[in-house]
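Below, chain A partners chain B and then partners chain C, in two separate complexes.
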Partner chain A sequence: MSTIASFGFWSFVGIVAGIYTLFALGVQVQFGFAGLLNFGQVAFMGIGAYTMAILVVKEDLNMWIAACCGVALAMLAGVLLGLPTLRLRADYFAITTIAFSEILRYVATNEDRLTGGSQGTINLAGIGRTSQYNSEWQSFLGKVERGLHIGGDAAMLILVWTVALLAVTAIWLMMKTPWGRVLKSIREDEEAVASLGKNVFSYKLQALVVGAALGAIAGLFYAWQFSFFSPDDFAPLLTFFAWMIVILGGLGRAWTVPVGAIVFGVIFAGTRFFDFAPFSLLDSTERAYVRLIVIGVVIIGLMLFRPQGIFGNRKEMVLE
Partner chain B sequence: MTAPILAVRDVVRRFGGLRAVDGASLDVERGSITALIGPNGAGKSTLFNVVSGFLPAEKGSVQFEERRIDGTAAYRIAQRGLVRTFQVPRALTRLSVLDNVLLAAPNHSGERLSGVLLRPARTRAHERNARRRAQELLALVRLEEHTHDYAGVLSGGQRKLLDLARVLMAEPRLVLLDEPMAGVNPTLGRQLLEHVLQLRADEGMTFLFVEHDLDVVMEASDRVIVMNEGRVIATGTPAEVRTDSRVIDAYLGATWST
Partner chain C sequence: MFVQLLANGLVTGSVIALAAAGVSIVYGILRLVNFAYGDYMTFGAFMGILFNVKLDLPIVPAAMLAMAATAVLSVALELVLWRPLRAKSAGFMSLFLVSVGLALVLRHVIYLVAGPQPRTYAVNPYKVYVIGSARLSGAQGIAIVVATIGIVLVGLLIARTGVGRMMRALADDLPLAAIAGVRTGRVILAAWIVSGLLAGLAGVLAGLVQTSFDPQLGFSLLLPIFAAVVMGGIGSVYGALAGGLALGLAMELSTWPELAGGVNPTYKPVVAFAALVCVLLVRPQGLFGRARVV
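The block that comes next holds the complex of A and B.
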């Protein structure tokens, strides 16, 4: 069976799209709703994944508790990042966030006693001793498989998307509350919101922390799906994937995020089928970069002809 | 005489070498409608920004209801009951007109995550009441047919009205209006003026407003404060101020129509 028709391949695409949905939903909350230019979202993903893996391997902690710790620590990191930076102007805030994520990545690369260093989580228990944080997850996945009489890929697909769609629904409902109204107002005009007695700083911090929690949950699924990761998995490029997803789907709406993630995932995976001329002249590593070009072209085209994204609101885009 | 609701003392605010507000002092009496006038560049808007907490004062003090508010964050000043509008209206364009007004609802439990998650019934009740009040205010400023439109489709004058509805939604005790009538059609302006008078009578609201239309000033206000070059140069009833030679000098030949 060719790759293009195999369930295994497309379920992998689907799992990654589900993880990206969670990850990009955080950016949607921060930027699409609250107007925060967070270019360091990947840091929260890394904190979630690393905290869970380290606590399981080094402290022998129950994986579910370790996972909760990962999310909690990412939220705490959101507070620590936000406290000194959220009063900065939007562009300076953006620069600080990207620095934040890069600092954490370099720390993870060099603190090899804590993180396993550049070799990744395989070295968590020390060099030469293979470590594994994933066994509890695998046995849970096995139970789901047997319970539903499905294969491992399908079980993962269902689990990721259940969590992703629950998160999307939760955010969608939150944005319909008065709390969401304040967030959207801050995106429009901070001063006007402050003049009406709302603590703008506190709301921005809350948006940052909610986004951080979503990023950390995405990080957990990332860790479980791949059974191994290293600091380079959390390079800034991943943050920009989240931005592409949010822009593709449409800004300021929760339900556009899964759509953007699926479109992004399909384009990203689909370019590997470009085995005809002129792409056949490229070797496979070079071809891997073609997908970035394709996504770039799609986004440029979207900005020209459909600036609101696939399901965004055109009317909202043209208002001043 | 009771203590003034707002007492500004010797406030200084510079921009580089320019002393925009240069030792201004003024009192606003509770329940009054006080106009703040003066030629362009007199420091009126800067003083508004200092009083409402959007700019720090370099010197001097501001007291609202006998408590110091200089150095207090703008949002806290608003929570205490001193709410301002802006010279250029600040419509939240990608929100509905109704949401713009609802945003101003004070002490709304639904604006806290704890309220949304833990006390949904109370939050819904708050929201229902807020909605009713917001619709009344929108009817008052004749924007009810735009209730569900994006605020971004409103004209400049309509945005002024939206700002006014929003500021009233916040249930303030002192309202600072920065040129409320600019760009509003005169008939509607007159109706709003009547409503302001009504609010003062019914709820004891106090109004301090900057206005260039001197007809409005003379008709609506019971006290007038005149600023020039960053200082208060005259205070009094409209009739007193009109004949004050310092005021006439400041306006340099401006004619006073009555």
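The block that comes next holds the complex of A and C.
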């Protein structure tokens, strides 16, 4: 059976889209609702994944507790990032957050003893000892497979999307509360909100931390799905993918994020099937370049012709 | 050892300073954080390879042709991309994301055309300049001299020439400058030309200093460059020049062993960001930026 028709391939695309949904939902909360230009979202993903893996391998901790620690640590990192930077102007904040994610990536690459260094988690337990952090996850996945009488890919697909849709619903409900309305009004006019006696800084910090938690959960699923990761998996490119998903779907709405993630996943995977001329002349590395060129062109085209995204509400939010 | 690090710091710093000035000139006028700037530099560096290695020209004319080619790219993109976007009154975020997309396109087109293999300029690798106790390779020597000339020229252009004055006027208040009779379209083109020339120059110099490079060259320098721009105060050209030099020096000098053992050299980029965060904590508007409400 050709790849384009195989369930295994498309369920992989679906799993990745689910992980991206969680990841990009964090950006939607931070930017789409609170107006924060966080370009370091990938750092929270890395913190979640690495904390879980390190605690499981080195401290022999129960994986679920380790996963909770990962989310908690990412939220703490969100507070630590926000305290000095949230008072900066938007453009400065954007660049400092990229710097934050890059600093963490450099540290993860260089502190071999803590993270396994550039070789990634395979090196976590030290040289010569292959390490595994996901045996508990595999046995849990096995239970789900047997319980539902489905294959491993399908089980993962269901788990990722259950969590992703729960998160989307939770954020959608949160936006209907007074908390959500204050957040949106901060995006529109900070001063006006401050004049009503709301603590703008604290609300922004909360938005950043909620986004950080979502990023960390995405990181956990990323770690479980791929069973291995290295610092290079958390390069700034991933943050830009999240931004593209949010803008593709539409800004300022929770349910547009999964739509954006699926469209993005299909574009990203679809470029694998460029096997007609002139692309058939290229080898697989060259087609990987073409894929990123296509993504770049889509970002530019979107900004030129439909800056509010597929389902964005032009009245509520146009990219300024 | 200290003098050697100082010399290395000046080399790194002057390359970052030139590129940061190029980012800052355009930012000041158009409020465009050009994330593709690193890839403009890569384009320049590979044009340098084309003229220097493929067409066998000496490095200096090759670098000049590479600068001209990058300026042409820069102007072409203004005409087909940035100007239409401004006509649609695209805001800060749209422009930034377009530049992210453009960065992906440029970098991978370069990968596609030139391939991922490392490249080296045809300069004598055994030539060494000895100044006091510092030893500079031929490439570093060229880089530091050319970069100094470049920095002085940019400073003079902004401070003394009519175009420079108009650029500063536009950066201050674009509508007001337009009312006063400045032909804004032309000045914006001039800014893109200067920005492109600087990208080409910084790209070739970065390639020279690193001895061998691949299409990641510019992007790998982009974050220290942005750090320099922010540190100097976004939009301030002098600030960007000073910020670049300061960061280059901070990055190299932090590895000095007598400074508490020195920092592991792989942490040099982290030092740049740490310096940036420290500056922003004290002066949120950057070293030379004016506090203003946006």
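One rule holds in what follows: the second predicted complex is superposed on the first by the 316 of 320 C-alpha atoms of A that agree within 3 Å, B and C clash if a C-alpha of one lies under 4 Å from a C-alpha of the other, contacts with A are read in each partner's own complex, and residues count from 1 in each chain.
By our rule, a residue touches a chain if its C-beta (ideal position, glycine included) is under 8 Å from a C-beta of that chain, and two chains touch if they have at least 3 such contacts.
Please read all numbers here as calculations on a predicted model, not as lab measurements.
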Original post:
Just chain B (first), just chain C (second), both, or neither: which does A:84 touch?
Top reply: second
**OP:** Figure out whether A:58 sits in contact with chain B (first) or chain C (second), or with both, or with neither.
**Re:** neither
Original post:
Who does A:94 touch here: chain B (first), chain C (second), both, or neither?
Top reply: second
Original post:
A:109 contacts which: chain B (first), chain C (second), both, neither?
Top reply: second
Original post:
Can A:197 be said to touch chain B (first), chain C (second), both, or neither?
Top reply: first
Original post:
Should A:185 be classified as contacting the first partner (chain B), the second (chain C), both, or neither?
Top reply: first
Original post:
Between chain B (first) and chain C (second), which does A:306 come into contact with in this model arrangement: first, second, both, or neither?
Top reply: neither
Subject >> Residues of chain A at both interfaces, chain B in one complex, chain C in the other >> reply: 319-320
Original post:
Which residues of chain A touch chain C in their complex?
Top reply: 37, 84-85, 87-92, 94-96, 98-100, 102-103, 106-107, 109-110, 240, 243-244, 247, 282, 285-286, 289-290, 292-293, 295-300, 303-304, 307, 318-320
Subject >> Complex contacts: residues of chain B adjacent to chain A >> reply: 52, 54, 73-76, 78-79, 83-86, 90, 92-95, 99-100, 102-106, 108, 110-113, 115-116, 123, 126-127, 130, 150, 152-153, 166-167, 170
**OP:** Report the residues of chain A in contact with chain B in the complex, numbered from low to high.
**Re:** 174, 177-179, 181-182, 184-185, 187-189, 191-200, 206, 252, 315-316, 319-320
**OP:** Quick one: which bits of chain C touch chain A in the complex? Just the residue numbers, please.
**Re:** 33, 81, 84-85, 88, 90-94, 96-98, 100-105, 107-109, 111-112, 116, 223, 226-227, 229-230, 234, 264, 266-267, 269-270, 273-274, 276-277, 280-281, 284-286, 294
